[in-house]
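Okay, so here's the structure we're looking at.
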Amino acid sequence: MQELIQDGCTVYIFLDAKRNWIRKVKAGDSFHSNKGIISFDDIIGRPYGIKVTSHSGVIFQIHRPSLADTQISLGRNTQIIYPKDAGTILVETGIGAGSRVAESGTGSGALTYVLANAVGPTGHVYTYEIREDMYEAAKKNLERYASMDRVTMYRRDILEGINETELDAVILDLATPWEVVDIAHRALKPSHFIASCSPTIEQVMKTCKAMSESGKWGMIKTLEVFQREIMVRENKTRPTTWMVAHTCFLTFARSLAETSA
Amino acid sequence: MQELIQDGCTVYIFLDAKRNWIRKVKAGDSFHSNKGIISFDDIIGRPYGIKVTSHSGVIFQIHRPSLADTQISLGRNTQIIYPKDAGTILVETGIGAGSRVAESGTGSGALTYVLANAVGPTGHVYTYEIREDMYEAAKKNLERYASMDRVTMYRRDILEGINETELDAVILDLATPWEVVDIAHRALKPSHFIASCSPTIEQVMKTCKAMSESGKWGMIKTLEVFQREIMVRENKTRPTTWMVAHTCFLTFARSLAETSA
Amino acid sequence: MQELIQDGCTVYIFLDAKRNWIRKVKAGDSFHSNKGIISFDDIIGRPYGIKVTSHSGVIFQIHRPSLADTQISLGRNTQIIYPKDAGTILVETGIGAGSRVAESGTGSGALTYVLANAVGPTGHVYTYEIREDMYEAAKKNLERYASMDRVTMYRRDILEGINETELDAVILDLATPWEVVDIAHRALKPSHFIASCSPTIEQVMKTCKAMSESGKWGMIKTLEVFQREIMVRENKTRPTTWMVAHTCFLTFARSLAETSA
Amino acid sequence: MQELIQDGCTVYIFLDAKRNWIRKVKAGDSFHSNKGIISFDDIIGRPYGIKVTSHSGVIFQIHRPSLADTQISLGRNTQIIYPKDAGTILVETGIGAGSRVAESGTGSGALTYVLANAVGPTGHVYTYEIREDMYEAAKKNLERYASMDRVTMYRRDILEGINETELDAVILDLATPWEVVDIAHRALKPSHFIASCSPTIEQVMKTCKAMSESGKWGMIKTLEVFQREIMVRENKTRPTTWMVAHTCFLTFARSLAETSA
């Protein structure tokens, strides 16, 4: 049974790498760009993945928004965890179906959205955000895109503590992650993962030092991930001219059990 | 309720980045290395994440094997999809709890294992392997580590077709992916993802050309992902001296719907 | 004896990484920017490396244009060999004081300028350019910045041959370098270097194939060079957000002697 | 006039990227490897760039050692400035024919050798080394490979001062470069370059801080340079599996004139 585009659903309208939009479909309304107009009535009832021609004769693709499309869209105008870093977090920490994860800050909700997709209906994401404005913006974003039955949002400073225990992972995207590592340790199952994302090397140094000195963490390691696109065109195949040089450093560690021999 | 190390379970024994082992715990038996012996009886009944001292006085950490530990371990002596690439595949294709995914070849089962963790009990992984020896080795590996109720293994050439339809994603790790793209298209829901992993640029060129000429694929793009470790030590912080320069190129595309305007 | 800024000389006016200019100093005239005006009379007779305050109170640095400043300036609006690639070419080929080098195309003259600085008064650069407009633009550029007694410019297709023999190096920055490798071989001393710069991988493949099939080249290798800036600011040290992902691939080979055993 | 291999000269014997040797040719003697023996008498009087077949039937190439070959050879078993970094230093600082440059420490002499090649007979390299053993080893290396009329070696701590003034560049490869930046400033012409090579980020931070706080330096910037090889083989073109992930960070700055407005 093929899923069809319906009134009220969200579509990804694609022209090229720089010109693409996520839009809510509304019967009777239309999408406007400087490459022409697409009437939503022309796509309602048709499958995702179609090509449509605008009134000015330009061909657009209409897709289901992918996880990464939505993640990037949620993060427009804010600093987000990029797909390349989110993927590394998922695989390094092993977050998957059924995982129970805490995260702070919520930010725009972009990573919360990815985590909610990963943990599924049998897992849960607990997300902490201290700033009122960020909390409200993320709430609006997540209620639109995520399955909220698997997400609990707190408008609270994670420094006051994590409500949950026996978690599978704690993800930090904070200005001062080194202040939270002890709190994270108490909330984690033994031998499970903390992941901390920091743009500056001084944050990484302080976080690694705090973890190392506490004696509560094993296998502390810091990674950076780069991604480059290759433009594959006949007789013109070459990497793109520009790439993102830095988003954040990713520090991972595993919680040691309280009792050590 | 803390999970404890038990007879028959699998542990990750860690000394440093180069000296670490995945071992099955067996009551009455012990782990031997040139840094000393650890009796399994000394760790049974204790939590994961402990430190233990070998008979020669060297301290080891005993951890639950992480997803990435197991993935790398499964791939020992074969070419595997690395964690950095597996993470990008998960996030770019949006594979998560509940996804139905086909994969070929099974290889050592390392990626199958990651996919099974991601799709959870409400999703499913269908994996195709043509080589008898690989199939048998992967079966042994997966039965040991993965939840087999969410995995179907075929000993068959994927060129003969994919049994499933309406899939959320198809992942190819094959010598000749360009021969399979039409088959993959028929098995996918519209506007869903194919991901193809190839070590050589000629494979990438042929695959992109086949997809492009068929007119069945949108938003074809090729990425390469790099990962570098930063050694964070007080007054000695620096990236590692060596890194992996290349594993494979990752080509992604979305299936277009059969009917186009 | 300190070199002083004089009427008619060229200065590098620096505000920050994005706002900097190379200008000819002219007595009685001034430099205008949206951060204020600097009267050239205020800097004439003073040393390079001074700070001056514009009429709007903004501080600029006045420097001698460096090799790389001039190289980048010459290449404005055209595709140039970047400093990172030029440096690799110099060290891999060993071009230095006294070297005799041929180059094609001249392009904007940016690499010619770097080569002329490297070979010095006892070496020479022979540069070939087929396009009249490029030749004239490069001539103007080089007459302004380079020591022309060590540069010979040809307005000619290098495919018609290289006038010189017994060269130390041949540098190609052409659309079809594979057509020129035999010509380059005849012009080189045995066991000396060709370096070819190509943006696309197909160009690299054809060039390597032509060199390999001719049997005239040894130790063919292809490199790509990346450069990333680290912003070092107290408690905010981090790599820049964007970097150049690709300029060109650099292919090097050594000429084999005609007589082989 | 073709240069011929002679008794007493140095050759680069190449089998593949991992098996290659720099050897002194000695009449009556021979080169031994596990791929067979080459009698030096068989190559004396022949041109560089020949192929020779060993007694076991394996073909070797005999080349003139390139600048980079010698540089890497000089640095065997020590930490050297790699070609990729040396090239960036040359182009960023503009060191070329006629430049007068100070360097510390001398180390194995590998960078001294590159600098001597660059500055030519009309320039000069002044190199400072505090350690007796390093000084003696570098002296032996440089007397063998470099034109010593353009090199002055000091066995002295550069912290005691640089003898020269009005230099074009100062290159530091020291454990504590931040202690030397004032000394370097006094030795440089205004608006000329210091380049400092440091493996750790803490060294970079201290050096940038010292330069910034002194007020004597403009346009301070830190780069890292990566180099990756592409293996171009028909239908098997791909980057190499491993690459150097880190050698050193390169910090550059320009000396400000003492009098500022």
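Side notes on the structure shown:
Here the chain labels run A, B, C and D in written order, and each chain numbers its own residues starting at 1.
In this text, a residue touches a chain if its C-beta (ideal position, glycine included) is under 8 Å from a C-beta of that chain, and two chains touch if they have at least 3 such contacts.
Note that this is a predicted model, so its numbers are computed, not measured.
Think of each touching pair as a link: the shortest run of links from subunit B to subunit D has 1 of them. Here subunit C and subunit D face each other with the same set of residues for the most part; over half of the interface numbers are shared between them.
A rotation of 180 degrees, rounded to a multiple of 5, brings the CA atoms of subunit A into register with those of subunit B. Spacing of subunit C relative to subunit D, judged by their CA centroids, is 21 angstrom. Centre-to-centre separation of subunit A and subunit D, using mean CA positions: 45 Å.
Those residues of subunit D in touch with two or more other chains are numbered 201, 228-229, 237. Chain-to-chain contact here is organised cyclically: the chains close a single ring, every chain touching exactly two others. Contact annotation for chain pairs lists A-B, A-C, B-D, C-D, with touch applied as defined. Listed in rising order, the residues of subunit D touching subunit C in the complex are 1-3, 14, 17, 42, 46-53, 61, 63-64, 66-68, 71, 83-84, 86-94, 96-98, 114, 117-123, 166, 189-193, 201, 204-205, 208-209, 218-232, 234, 237, 249, 251, 254-257, 259-261.
Subunit C meets subunit A in the complex at residues 199-202, 228-229, 235-247.
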